[in-house]
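This is the structure I have questions about; it appears just below.
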């Protein structure tokens, strides 16, 4: 069967290491296979690694599957994995994920060991980013005289145009921005996979209404993402199915304490947290396709605290403002992107009108993401929107990037436009970073969430839900997941 | 051309930071800075512009960050799609506006004329994106007659040019985008043809043609229409150029893999070389179209042909 | 049976102000081979009759009554195909303006052949042969070559001949020629009329010749019908009417015709048409009459033009050698004495207007000097020139475009007074404007109106008033009456003569109409292709032309010896 | 006779003249014109008086409650009588938002057209009057200008704007900037039209007459030629206002329009757009109808004006 699918964008490159982005990972799961991958319960399934065990505090050993063939016909061995790992360490985008690792040892042809610098709890999370590449295929020179294995951003490298992985599909045609065609790989190792799609045609359709229209008109079988406003329509429509899942990307506002004196006052921050009716936003703007958040990590993450609920209470907010001496309010500026997150502009607008109710007057400016990020880096407004998805699918990652005291050397607090800084929190997160006992670690991270909540360090809004639309015959329910990497290799399409 | 390149080059700083679109979220600032250096984005404006011009003179407008190919090649690859779209729309405009305008001019009081003019005013009043989405809704979703996006099956014509005009599927895909693109200009052309035709019909030579005892058809379609076409062509040239610019909206809505769509994407991705290249190409198209129009004008109008070089 | 008989024809133009009857119960007949002249002032209904016959009236017009019988068949009000059968095949039509009658985008051949095909149902080849024959008949050389050419490659006279050829293409029994020669030179006009006359006689075709030119009537027609405000006031044998006009209108029309045989002091009797009841002011004691101290110079020559040259680029090109020029003024020299009227004649395109414009400062000459009141204008800056500009004024040919349509008449006249600071106060300006309007015969009330509310003759008076408003010494009149009817022309010429008498103006008077020149000028220069061929006293020039070109001009001038001389006021030579 | 009564007399004659004029006559005869004019006056009046008429102030963020969002018009089942035409996605009263939005749209339309007109008139007049090099230079400029679409101009102006005022001021001056953008983007339309009529007018003898009088170029251009080119200017203006409103809407569609908290009519339509299929049609359809009607009547008026002012069609 052929699956025609429309996504909002196509992968930037066929090189899985060029950019860490959803598009690249989606492509990687089709063309390559990782050592391990997430399953629906947020734990790991072995893929190219059959099994793994901890050797010591700092070492994890992986046993590779035997007889796995690359698209080129070469067999996959430990050498390929090692080659891939070393290449990852040079990738600007992936470097950060593998920072805790000191290296990879090849034990024998089918066994490798990942070694960390200190005890590290998230080895498997990182292993899910290792998609072994065909080292033989990628060695030598291409016809331009460049190394085939060259990894370079925004450059015309061999790897960005040619791929040889072990995944279920091979790329047979690619017109960037227009169309991409994948064919089922005959020699795919996973004979148990029920997948029966012979060919996938991917068309990027940027405009959401057009994408939805294409599905409704039957021009495509599978689309993602589906904007909240169209959910009802897809559900109602006879030929189509809508699959939604609560996601892991959290949307928040940060309050810049360096720019606004009042934000240094915890009560003002709390007042704002109480004034923002994020459940209202979820209900009205997100049409229920989001989960209102009271903390950073969603349910299922290590740091998740059941009790930290959204806390909309206008009276309390006003009282807090009065207590802090800001009964008459003040004026602040706010910035948000208008094409980055689902309904970002509308959310910002709604939040500004909510703040107006506690006499905080907001000058809102929204702009395309291309212009937004430089502004964000400059910390140009008093309140800025930021959404975050933890690459490691782990609670600590949120705090490290969003709320830790800014530290150039470690890169912590890189996205902390609020300049919130609480050394105690940093210390806890750091400790959790080398705590391998899951229970202890969870307790630490929960404490972090609790502190941030009490401090109103930021304003949590919601976790974006994920939504996919597909025609009834495609059983996408089985293959989609919160990471938004549909495992299309396993997709079953009814004829 | 030079002016266009300077203007477009100088605005690039304000479009945003191209790096952000190239890297993942967790890449550190220092790393980004290093990449920026590598791209030469941190050089002073004049250095960058100087470098650009030196290369541009050799026909190299730089590499697209996103496509990793020479920007000009990328644009050229998308040019056929846009040209086919514009061509289709132009064809539609010609096929509809001339008969409609002529009819409205010769039968000023008929009901159909009122309908035509009413429709054309409505056409001016409705924004393109409304027309486009409405078309999709009606023809693809409700009626299911026409595909909603893309170009469909293509057949290579000369070498690199892939045409959608030669397959049924390709033609079907062309219908909606062409209609919505045409809808911008069609009303204007109908009114232009009508008013010029009215003008032509009131001339002395048309009266003389009647006095000569010629048949109506010949008077309308030879004597009057030929003269009507002169201003229509002049205006038409400018408008077709403008239409190339309007494709941005249409292509975005219909996911038409053409230049306009590419351009909007490039703006979103801050793919500056591509933006600059696009502007230059569009400028060139403009110049070419205007020159062509002058040529055609000369062919139709003997006065101009003989006076030669005068412009 | 007559070829055409028109009986009590009535044509109306209904409008919101009521119905205007343009042709009131006009009856006449026309025999085969006969030429009937239709004269009358502008708007009398001449063209309307012609258009009514072939049912080509413009929009609201309609034939409201009467009969039109062509060769025994009534044809009034026929529509569509029936009328198409008549147009071209039985009635040929010649329009006034050869420039606009031909479609600029089609070749002469196409336009001729399509007519042949439409009227005679022939095939392409026969049509072509016929077209060649026709071009030959109207005297166009090299017809083969000409067929493939476009109208703009023909001169005016040739175009008019093509139009005639087209009118003849269907071998019509009747030709209606609506002012076929107004756009043409005297010499070309003569040729065209000669052609029409010949065709009528040879082919036994009837012809209605619409014109307002008495000269044409006198030389061409057999019978003439005089129209006045839609009514036919007189109809009869041409000689009878010209020599013994019965109706007062006909009489006044005839006396208004400028004549070359005798010089009149003023034109009499023209007030039949337009009675101005404004009191002229005592101009000598008025602001207008105030003489300024003009400083001293060679008083004999107020204006001297020396070796003037000017060429225009007709084809621009990047390379100098590819450019083409036309020498519009070729080494022109003359002088004008204070107080005299100097005439400039010559055929169209001979450079008269261009010379005038150089003097008025609108064009800069390539070489040569214009010396006015002892000052060389070419060597002055725009600022220095400004006071001189005031002293040289101009009245333009076209009364419709020479006034700014968006300003009231009072504003138009007041603007130069204001600009040159000639009056002490706004009150005085207004007074002067009112006086001027009174004096040119419009009345002060006219000041509040806009130009489009006036007729051509009235507008020309406004132009004159505007020119006078700067208290000029030198007035250039560039064909001030060529767009006007003879009767109105007579009024304007009278006005100019009076003003000159009263104010001692010096005038440069330009015309291609020799009789007019004769009436107006003291001395005359004849121009041909940019150069002056002869300068002489008026009387000498007319009685004893030296240059062959002048001789020819005077020869082809229409002879109006038959005109009634009743009540003429002869020039009293001082 | 006192000058007072004189002036009065002049006044009355002016009025009488107006009522007798062709203008008034054809107006009273043309039903379409009357209806269009009435609708236009009503809409413009409502927009002008928005702060007085509108039930709520949609720009006052404190008055908005997100929980009121997407309520259908009051006549439908789930409607709320507080909101006659329903509410939009932010919970703003749609009627008020439309009134305010129309005000913004009309202001932008009118001012942008005034700017276009100013640029176009000055450039077109000089180009046509002086001719030669100046003419070719200015017309080439117009060509270049046309080849940049409105959107590019928007980006450029935005850039200049941010460089000179900083982005903080943006929301306050967004309207100004839109006016600038649309004004700058579309002046060539005027310039070309005016140049064409100037070329025709320039040849007329009244211009030469003015030069013979010794008047300067400026005076001739603005006092003599310009008034005679007014009718095409007026005629394209109505169309241009409509175009400007639509351009503004298109720019909003691309995220370059008015700040989100102060939606113009166009922004309102495009933001409500995604709701059209999900059932909340009124958010986009009602303002859409208002926009279409507004533009329609302006175009109809423009057409009528063109016919009235065209002396060629006059007689027919």
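We just call them A, B, C and D in the order they show up, numbering each chain from 1.
One rule holds in what follows: a residue touches a chain if its C-beta (ideal position, glycine included) is under 8 Å from a C-beta of that chain, and two chains touch if they have at least 3 such contacts.
Quick caveat, the model's predicted, so the values are computed rather than measured.
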item	value
Taking each chain's C-alpha mean as its centre, the one farthest from subunit C	A
Chain pair, most C-beta pairs within the contact cut-off	A-B
Euclidean distance of C-alpha centroids - subunit B vs subunit D, Å	25
Whole-Å gap separating subunit A and subunit C, where each centre is the average of the chain's CA atoms	87
Euclidean distance of C-alpha centroids - subunit A vs subunit B, Å	39
Whole-Å gap between the CA centroids of subunit B and subunit C	51
Shared-contact residues (touching 2 or more other chains) in subunit B	14-15, 133, 137, 267
Subunit D, residues touching no fewer than two other chains	273, 277, 316
Multi-chain contact residues (two or more partners), subunit A	209, 339, 368
Category of the chain touch graph - line, ring, star, complete, other	other
Touching chain combinations (by label order)	A-B, A-D, B-C, B-D, C-D
Touching residues on subunit A, where the partner in the complex is subunit D	208-209, 212, 227, 229-233, 277, 280-281, 283-285, 287, 333, 338-339, 345-346, 348-350, 352-357, 359, 361-368, 375, 380
Subunit B to subunit A touching residues, read off their complex	14-18, 20-31, 34-35, 39, 63, 65-69, 133, 136-137, 140-141, 144, 147-150, 252-255, 257, 261-262, 265, 267-270
Contact set on subunit D toward subunit C in their complex	25, 204-206, 208-215, 219, 224, 227-228, 230, 315-316
Residues of subunit B defined as touching subunit D within the complex	3-4, 7-8, 11, 13-15, 117, 121-122, 124-130, 133, 137, 198-199, 202, 238, 241-242, 245-246, 248-249, 264, 267, 279, 282-283, 285-287, 290
Subunit D residues touching subunit A - in the complex, by the definition given at the top	60-62, 64-67, 69-70, 89-91, 167-168, 170-172, 255, 259-261, 271, 273-275, 277-279
